[in-house]
Every structure is written in structure tokens, then in C-alpha cells.
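Structures follow.
Shared chain: chain A. Partners: chain B in the first complex, chain C in the second.
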Partner chain A sequence: MTSVSTPKAGIITTLGAWLLAFIWISPLLFAFWAAFHPATGASSFDLFAPLTLENFSQVLAAAPFPRYFLNTFLLVSLILACQLVVCTLAAYAFVCFPFRGSGILFMLVLIQLMIMPEILLVENYRTLANLGLRDTILGMGLPYLASAFGIFLFRQTFKSIPKELEEAARLEGANAFQILMRVFVPLAKPTYIAFGLVTVSYHWNNFLWPLVVTNSVETRPTTVGLQVFATVEQGVDWARVTAATLLSVAPLLVAFILFQRQFVQSFMRAGIR
Partner chain B sequence: MHIIKRNLLKLAATGLVLGVVGASQAFAQTKLDFYYPVQVGGPVTKVIDGYVAKFMAENPGIQVAPIYSGNYNDTTTKALTAAKAGTPPAIAVLLATDVFTLIDEDVVEPIDQFVKTDEDKAWLDGFMPAYLKSAQTEGHLWSVPFQRSTAVMYYNKQAFKDAGLDPENYPKTWDDMVAAGKAVTQKDASGNTTRWGIGIAGNVGSSQWMFGALAAQNGARLMNDEGTETYLTDPKVVEALQYWVDLSKKNGVHPQGIFEWGTAPADFLAGRVSMIWHTTGNLTNIRKNATFDFGVAPFPGHPNPASTLGGGNFYIFKDTSDEQKQAAFKLAKFLTSDEILADWAVQTGYVAPRDGAWKTQTLTDYTAEEPNALVALKQIPNAVPEFSTHENARTTKILNDALAAALTGNKTPEKALADAQTEIDKILKQYR
Partner chain C sequence: MNKSRNFLYGSLLLLPAAVLLWTFTYQPVLATIYNSFFTTPKGRRPSVFIGADHYTRMIEDPVFWQALTNNILYAAVTIPASMGLALAMALFVNSRMSGQGLVRMAYFTPTVLPMVAVANIWLFFYAPSYGPVDQLLGLIGLGHNNLLGTPSTALWSLIVITIWKEAGFFMIFYLAALQQISPTLIEAARLEGASPWQIFRRVTAPLIMPTTLFVLVNALIGAFRLVDHVIALTKGGPDNSTTLLLFYIYETGFQYWDTSYAAALTVFLLAVLALIALFQFGYLDRKVHYR
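Up next, the complex of A and B:
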């Protein structure tokens, strides 16, 4: 009996998974469809509508996308590099060098997880204005250079690494920094990849803060540049919006497809879903 | 103490900068940040850059940085954030309806205090009174109209003809509109409607605008000039909402639930809806993409036709130097000159808020070619300002939610508006 019902259940699960996957990916599929068709075709779903690349050329002509990409790339790399260093060191200290008040300090870090960055918009802006860092990529990244989420995640990972490995390294004569670099960081690699993906996609998509703090083409990321196509007042020109959206997510999408296996495995091991 | 110190530092820094600039140039440059939103299609940022370049060529002492800052909401957030941090833009284009918010936050200067010479006064007198009205409160004029719009009715002449109606005879009253709607509505064999009569956008952010027009057509108003009172329980206001709800519920000429502003033009162009209420800013888009004969009509009345005005004004900010404020005023005057407004209207579809602009060569040529553009102009004297009160973001949201509740059938119009009025009263009490 069970031998009959199990394949059936399996089929249903598979079908359900495909259905959910289809629902999940359908906006992206629509974006692909609309971006390659003329504006009139986008709303009527005419299967024989002519294919066109005109939307892309219009979008590229309307905004300096190469510059925006460079800015986004610089911003995301800056944030990722600093977060990795700061969070690693902080998590290492929390795990291996307990000091008086470290418990409370860690609690404070956790509390920060609960504060939406938007609440701090005015304060952060004021600080940046006083530092003279308005309209710079460094200023845009500054509030995000440390990440409470990263500290928390790395701390949990470091804690799960057996003490024996650390002690063995110490017996071999490794100092604190060498233990970190040779033992902890390599063993936490899946967590690093998973965290990197989360933080890159978050900051790739971030909109409000970059919009508020930047003024010029030289510093603005793609998300802010993209907004110019959302012509709310006249109704939405889906063809151009989707073309611009595809352009701005393309690098992430390509990277994800290329490194898909590694990403999925990292997520499984790091326990973020 | 802290503030004095900071100001001293700033003073020293300014001195230093001025010194350096002064050494390299014969005159000191006044620098302006100018925030503006983009709400419509087309190369708007390039057009603005062009105007600003022209302004700077005429005023070599002033250097303007035009800063595109998202849509209206984004621009308001950005400008308020910058103002709160002590580094406001000198001038910004923000919603006309934000006037109370900006006054309450104490970040803008009234514009009329800059008007001194006869030439300034003549410039101010050139604006259409209907457009100035929303900026006048507490005995001052707080902003000047720039990218203003008004809503009109686009109708499908072909659909009218198919239904045996005279395509030149557009609906002039509420009853006309229902009758025309019934005539043009089409159903397929299984009873599904394939073509609706009319679509009025009821989504958040648009419904308060459309509803303002409906209320005005019924001879009611939604709020007072001081922005401290709303009149949502007025029977005339309730009747207006009842009419809107009945368009789909009783008469079956309007799509059920909430009709979306963003997709309304696409629905109209695809022939799925025969009449839409939409902004004049859509004329170019519809003209370019319509595959059928269409008309532009003023709004109907019950009995008196009325529309609402929307769009953005120039605000001059506090906390900048006097030179910057003067320069900002000069820029506002330049960008609202007849010539620029006429060009702006042709490039974007906004309605030029000055009579003089409509008499320029640019606009007379345009209206000769596209007489539909004149419909908006004729309608302006009958138009009322958009819903605007103190704490505007909150009150508008309450009104939006009430309209949505009535349109989706969750509440009766009467109950929805009464609930909204109670909630708004709580918020506005402190301003009375």
C-alpha cells in the first residue's frame, strides 16, 4: 500500500513545488516578456507581437547606466568588505575573549537588529552633513559598514566550531589572529558566502537612503536611476520599466545562475533561508 | 554654546570658501541646490538641465545644481531630511498639497515676502487664481505653481459611434455619463463584460484626487482653506461617493472594486474602458498610441461641472543665506516665465498655470495642432484645489482608505466617510 501512495505523494509534492516556483518566478518571466516587446504588446499579451530591443536602447539613452552600475558596484564592494572585516573581528571577540559586559554588549547588538534603518534617516543624514560626506559613495555606505546581523551570524557559527581545533592550533604556536584566519574563517566559509549574498542583494536593492543622501550622477546607484522610469502620473510604461529593471538586476542574476550550486549549499549549511 | 560654535565654524568655512572663490573670480558665486521630482515620461531631466543652463547663462553670479530626486514622496522626504539636518535645498518642486506639512515643519519661507518691485507684482498677478489658491493660507502665499495638472475625461469616440451615440456630444452631467456608459458597455456570450463604460481611479494616492472632483461637481467641498476642517459627513459628499459606488454596483458601467490609475491608460488604449478620468499629462501618450478616434472632454457636473487641480509648486526653503533665497526667487521667476512654462507644457503635458503662457507662439502653435489641449484650459476656472490639510499624509491616507472601503463594498459610503471624519477630527483637533 505504502509503495503505491509514496510515489503519488511524491508527484503531488513535486507538482506543488513547481507551482510555487512558477508563481514565484512569474513576475520575472513577465519582465522578460514585456521588456522585449513594444509597449502596446505588453498589456495585451499578444503572442505574435514583434520582438524588439528598442526598450533597452531607449532606457540606455535615457539614463547613464554604466555610471550607475559602477557606483552600485563600488558601494556594494565597500560595504561588503568592511562588514566582513568588522563583523568577523567582533564575532571573534564575543566568542573567544569574553570580557566584563560582553553579554550586555551583545544584547545591544541584537537590539540594533530590531531598529529599522529608515527611522535613523534624519540623524544619519545630519551626521554625514557634519562630516561633509553628503553625496559621496563613502557617506552612502558609512551607516552600513557594521552589521548587527553579520555579528550575530558569525558569532553563532564560530560558537559551533569545536574548541579542540582552536586549542590544537594554540598548541602549535598560533597566535590569536592566526587562529582566526586559519581555523575560524575557513570553517565558516559557507556562512560567509551566504552572508555575502544577503548583504550584496540588500544593498544592490536599497533605495531610500541612497536617494536621500546623493545628489549627482557620479554617486547615484542604479536603483535611484531606475526610479526615473516609474512615471506614476501618466500610468506605467511597463515595457521601459521592465527593460530598465532587467538591466539593473542582470549582473546579480547572472552571478547567481553561475554560482547557483555554491550558493544553495552555503545556505543549507549556514541555516539562513 | 554648541550651536554658536558650529555657526562660528561654518562662518569661518564660508569665509574661507568665499576667499578662495573671490581670489579666482571677480564675483562671489551663489550656489543653489534645486530638488525636483519626475512624474511623467520623456527626457524630463534633460529639459530641466536645459532651463537651468539658460538661467545660469543669464545670471553668471548664480550656480544652480538641479537634483532629480525621485517621485513627489521621495522628493519631500529628501527635502525634509536635508532641511532637518540644517542643509536644505534652496528651492524645490514639491506637491502643492504639502503646503501645511511644510509650514508645520517650519522649513519654508512664504514667497510673497520676496515680491517687492512692480515687475515682481506683475509676475505674480499673471498666475491663474485657481492655481494660486491652494498655496494661500495664514495670510501668505507660500509657493508658486510650476508643474500643474488637472484631470479631464478621455473618451473613445469609436465606442460612442458603435453604440449609436453622437461622438461629439460627450456626457455633461452625471446622468448623461451613466446613460452613455450603459450604451457603450459590452458583454460577451457568457456574460462577462468586455468593454466597460467608465473608469475612475480609486487606488491609494489617486482616489482623493478623483473624489475631490466628484464632490465639487455635487457642489460640496472636502476641506476648508485653513486645512483644519474636513466635511466628509456632508450629505452632498456622501452622495458623491454613493454615485461613484453605484457606477459599478447599481449601474454596472464601472469595473468592480478598485480601478487602478497606473493601468488606466493601457485599459483605455486597449478599448477595455471607454471613458477614463485621467491627467492632462497623458494626452501625448494617448495621442501617440490610440488606434481609434478619441476625444477629450471636461468633467461632467451635478449640475455644475468641476475638476480638481494637482501637481507641484516651487517652495523656497528657510535656513539658507539671504543671497541664496534671493537667487532661488530669481530662479522661480525664471522657470515660471511665460516662455518657459509654455515650453514645459508642450514637452511634458502639464498645464501652464499662467494666461500669458497660453498666448505665446509655442503654445498657440501647439493648440492649433492639438485642440484637445485647450479642454484643460477651459476647465480651470471650474476647478478646485486637491484635498490638503495639516498632517496631510495621514489625513489623505485615512480618506483613501475610506474610499477604498466603500468602493470594495466593505462599508457603506456613509459609514466609511463618517469613520474617516472621526479619525481625521482626532488628528486636526490640535490645529483648530
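Up next, the complex of A and C:
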């Protein structure tokens, strides 16, 4: 990722970078240590205390984390799939079918970058109750199915695709839908991956809105499930709370460590506007 | 002919997004403003028009003012601190050094974790007497604090968590900006005999200014949007010392079920966000001519 011409860092810079990295990661290392040791050991730090998986098995016995994972997975899949479709169609309209007033409509879309659905949670909760969708996974995802960020990002990408490609496809007799699927979508693949990773990590981690909407084991995502578990356990058993916390972040953390480069590059791509 | 075709196709393609955005963004904004002028319906008692009563109540509400000052302090500390650290991290990671990948991962990992999980990890760190933070403070003779349970330290404890989580996120944007700078510019400055500090001050800093402002706007929105750690750690306490605006809205709407007053509070928060938007679109875009 670094260009060859970048000068090699001096010893002080390297030490500084390493020191900051150690400080930054140490809370997580400590959490790992606490989760794999008996509760009594967690408070008195002893590097050579015996390791145990006891905390994890107790957590799994006490709370339905597998179900929470399933709920999160369903929620994130629903949101991602719908966002990709809805935002692609909207971006395609803004780029290829401009009409009088569509510029103003685009400005209106951008408002959602500022006002995300969780800011309006009182009103959105009322809407959801009227639709009879409280405590459902669909209801939890519904306010997020159209993403201004996605529309913005896809529009930028579509705009950068040469008009000639679109013209060529049209001359060969492709209709509007075929042009979208065969020209625009394939060429925007890196943007789709970038947007996908950003939106998956956002919704995997989302908490406030799911907390308000969900009320049962069948719908609660992992973040809310963790909070419910921790509220009961707080002050009782730190090792178990820490184990539950690590358990709940494990899938995303493993994915992140495996695909670190893609994650970082995707976030960078999504950030360059 | 082409015009009407564009309108037909364009509006059909926009329809799904328009319906969703209307239902969950525009309509609720209008409904929030409307409802803030009515009483909260209770049981069989319907809501009654009360004009600006909720807003006068807001002005006289000490908890609202506390939430606002907390939120301003929270933003004023977390934003410069995490942005400064983010820039340092990006400069570190952008220079060639051994273990670069590991260092970058260490900075970025807190960002991919949910705030609730982060809060629960730190809850243990802040535990009185046996939590690591208190034990460290004990080494310099300041031990036995209930950091989250004392009004003077609780908000600061949350601020530390936020900085820890956000800095790595902002680093990414700086890193992207640094990598866009042409190496020939740096090289030219070095040939002119500029010191590393001069290069940063005269070449790098102006070129990453648009990124700084982009990050600033995101950080401002984040400071008013993310209250997960407040819910997980302090519930706004002790004595409302950690109540932030969105948390107060949540508390008013879903703990006290006073939805109309919550609507008035939301209108205030929307006004804050509108100010940020005006700042971004009006002031910043004119000042930053690099875009």
C-alpha cells in the first residue's frame, strides 16, 4: 500500500508507532486474557494462571447467543440485499435518466446523510407500530433499506463510467435494464464491495434502534442480546461478561483479521468522495 | 420524446427509494415538528394543541441544559483528540516501517467492534478497586475510584472510550488522503531543503485539508448520534452527568413515554444537525477549493 518513494521511517517514528499500537490494542488483549481465565483470576492479573473455556460454555448455557447471531445475520442480509437494489436503481436514474427536478430530488436524498433513522426513533417507532411490525426483523431493517450514502456512492461511480460504453450497448440493442446489469453494475464492482463491507459492519454493530424495536429472543440481534446478558450479569461475574462480549464480536473480528486489507481499502474507497 | 422517456424511467427507478426515504426520513421529520406542538396522548385522553409549551418547558428544563452542555463538552474533547490521534496514526502507517500491517491493524480494530461490546469491555476496566484502570491509578496513589459512578469523572470515562474507538476510523480517511498526495511534491520540497516539519506544514497539511473537514463533519454528526455507550454504561447517570441529547430523547420517549416532549427535543437535535449541514454546504465548500 505504501509507494516505494516513501522514505523509511526513523527509529523514533517506528518506536512511537509501536508504542501507540500497543496502547491501542492492549484493552483487547486484556479482555482476551480475562475471558480465558477463571473469574477469580480476572481481577488479580497473573500471566500464568491456568487457561479455561469455562466462561464461554457458561455464557452459551445462560443466553441464546446462536439465535442472536442468526437474527443479526438475517437482519444484515435483508438490509444489504435491499440497499444494493434500491440504491442501484436510484443512482441509475440520477445518472442516466435526468429529468426536470431530479437535481433537487438528489439534494433531498442527501439530507439522510445528516438525519439517520435513529435520530427520529420516536416517530419511526410509531410508524412501525402502525404497520404492526414491532419486534420483527423486517421492522428492524425497514428504516435502513434506502441508504443516501449508497445512492451517493453509486451515483459517483456510475458517473465516472464512460458514456461510450453505454452507447455501444444501446447500439447492440440492449434495453435500459440490460445496460444497467451488463455495463454499470459489473464496472462498479469495487464500489459494491466497499459499500457492502461498510454497511455490514455498520448494521452488525447497530444498537439503539434494534434495542427500541425488539422485545424477544426471536428478533434480538447480537448487540442487544449482549446488553441484555450484561445487564443481568454486571458486577456478578466479569469473566463471563467479557467472554460474552468477545463471543458476540468474534465473527466480525475474525472476518476483519482475515480480510484486513480489503476492509481498510473498502473504507478508504468509501471515504474518498 | 426523450424527455418524457427520461421522466417515466427515472421516476420508476426512483420510486422504491423515494417511498422508503419518505416514510422513514421526511415524513417523520414533519411529524416530529407537528407533534411537538401537542400534548402526549394518554390512555383515552387525546392529544391537545398546546402551542410552544414544550419549548418553554425545554428552556426551563435543567436536564435538557445539562444534556446540551454535556454533549458540547463531549464533542469539543472527543473530536479534536480523536482527529489528532488519527492524523498521527495515518502518518505513522503511511511511512515504511517494520510491522506496518500489525500497527495498522492495532489502530483500526477497535473501529470494527460494536460500541456496546466496547462499552462492556471498558466497564470491566473501570471497575472500582480491581479494574485495571483503577489499579493503574492506584500505582500513583489515586486508587479506589468509582470512575463511572462519580459525576466529575463519568463523562470523561466515556470520552476516553469514544476516542479509543473513533481514532482508528478517522485514520482511514487520512491514510487515503496521504496516499493521494503525489510523491514528487514531497520530493521537490525535500530537494529545496525543507525539514520534515516544514514539509508537513507547507505541503501535506494543506493537501489533506478537505479530508480534515470531511472527517470533522462526520465526527460532529457522530457526537450527536452515538449514545450506545451511555445506555450500556451509565444510563445518563450519576446525576445526569453523562446524559447526551439523543440519550435524553430516548429516555423521554421510551422510559417516561412522553413522546411529544421527546418530539420537541428531537426538533432541537434536528436544528443542531441542520446547522452542521449549513456549515458544511455553505461555509466549508466555499473555503476549501481543492475539491
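In this text, the second predicted complex is superposed on the first by the 214 of 273 C-alpha atoms of A that agree within 3 Å, B and C clash if a C-alpha of one lies under 4 Å from a C-alpha of the other, contacts with A are read in each partner's own complex, and residues count from 1 in each chain.
Here is the rule we go by: contacts are C-beta pairs under 8 Å (C-beta built on N, C-alpha and C of every residue); 3 or more make two chains touch, one makes a residue touch a chain.
Just so it is clear, the structure is predicted and the values come from calculations on it, not from any experiment.
Applying the touch criterion given at the start, work out whether A:267 contacts chain B, chain C, both or neither, answering first, second, both or neither.
After superposing on A, A:267 lies in contact with chain C but is clear of chain B.
In the overlay, answer first, second, both or neither for which of chain B and chain C A:169 touches.
A:169: touches no partner chain.
Have a look at where A:215 lands relative to chain B and chain C in the superposition and call it first, second, both or neither.
The answer is first: A:215 touches chain B but not chain C.
Who does A:126 touch here: chain B (first), chain C (second), both, or neither?
both
Would you sort A:151 into first (chain B), second (chain C), both or neither based on which partner it touches?
A:151 sits against chain C, while chain B stays out of touch.
With the two complexes superposed on chain A, say which partner A:9 touches: chain B (first), chain C (second), both, or neither.
Once the two structures are laid over each other on A, A:9 reaches chain C alone.
Kindly classify A:115 by the partners it touches after superposition: chain B alone (first), chain C alone (second), both, or neither?
A:115 contacts chain C only, not chain B.
Give one of first, second, both or neither to describe whether A:92 is in contact with chain B, with chain C, with both, or with none.
So A:92 only meets chain C here.
Looking only at chain A, is it chain B or chain C that touches more of its residues?
With both complexes superposed on chain A, more residues of chain A are touched by C.
Determine, under the contact definition given at the top, whether A:237 touches first (chain B), second (chain C), both, or neither.
Touch partner of A:237: chain B, not chain C.
Touching chain B in one complex and chain C in the other: list those residues of chain A.
In the superposed arrangement, which is not itself an observed complex, chain A uses residues 42-44, 121-122, 125-126, 208, 211-212, 224, 227, 230, 234, 238 for both chain B and chain C.
Which residues of chain A touch chain B in their complex?
Result: residues 39-40, 42-44, 62, 121-122, 125-126, 129, 134, 208, 211-212, 215-216, 224, 227-228, 230-238 of chain A touch chain B.
Can you name the residues of chain A that touch chain C in the complex?
Residue positions touching the partner: 1-3, 5-9, 13-14, 16-18, 20-22, 24-25, 27-28, 30-31, 34, 42-45, 85-87, 89-90, 92-94, 97-100, 102, 105, 108-109, 111-112, 114-127, 142-143, 145-146, 148, 151, 176, 201, 204-208, 211-212, 222-224, 226-227, 230, 234, 238, 241-242, 244-245, 248-249, 252-253, 256-257, 260, 263-264, 267-269, 271-273.
Write out the stretch or stretches of chain C touching chain A in their complex.
3, 5-7, 9-11, 13-14, 16-18, 20-21, 23-29, 31-32, 35, 85, 88-89, 92-110, 112-117, 120-125, 127, 130, 132, 135, 164, 167-169, 172-173, 175-176, 179-180, 183, 186-187, 214, 221, 224-225, 227-228, 231-232, 246, 249-250, 253-254, 259, 262-263, 266, 269-270, 273-274, 276-277
Any idea which chain B residues touch chain A in the complex?
Listed in rising order, the residues are 33, 38-41, 43-45, 65, 67-71, 74, 77-78, 81-82, 84-87, 149, 205, 261-267, 269-270, 278-279, 281-282, 285, 289, 349.
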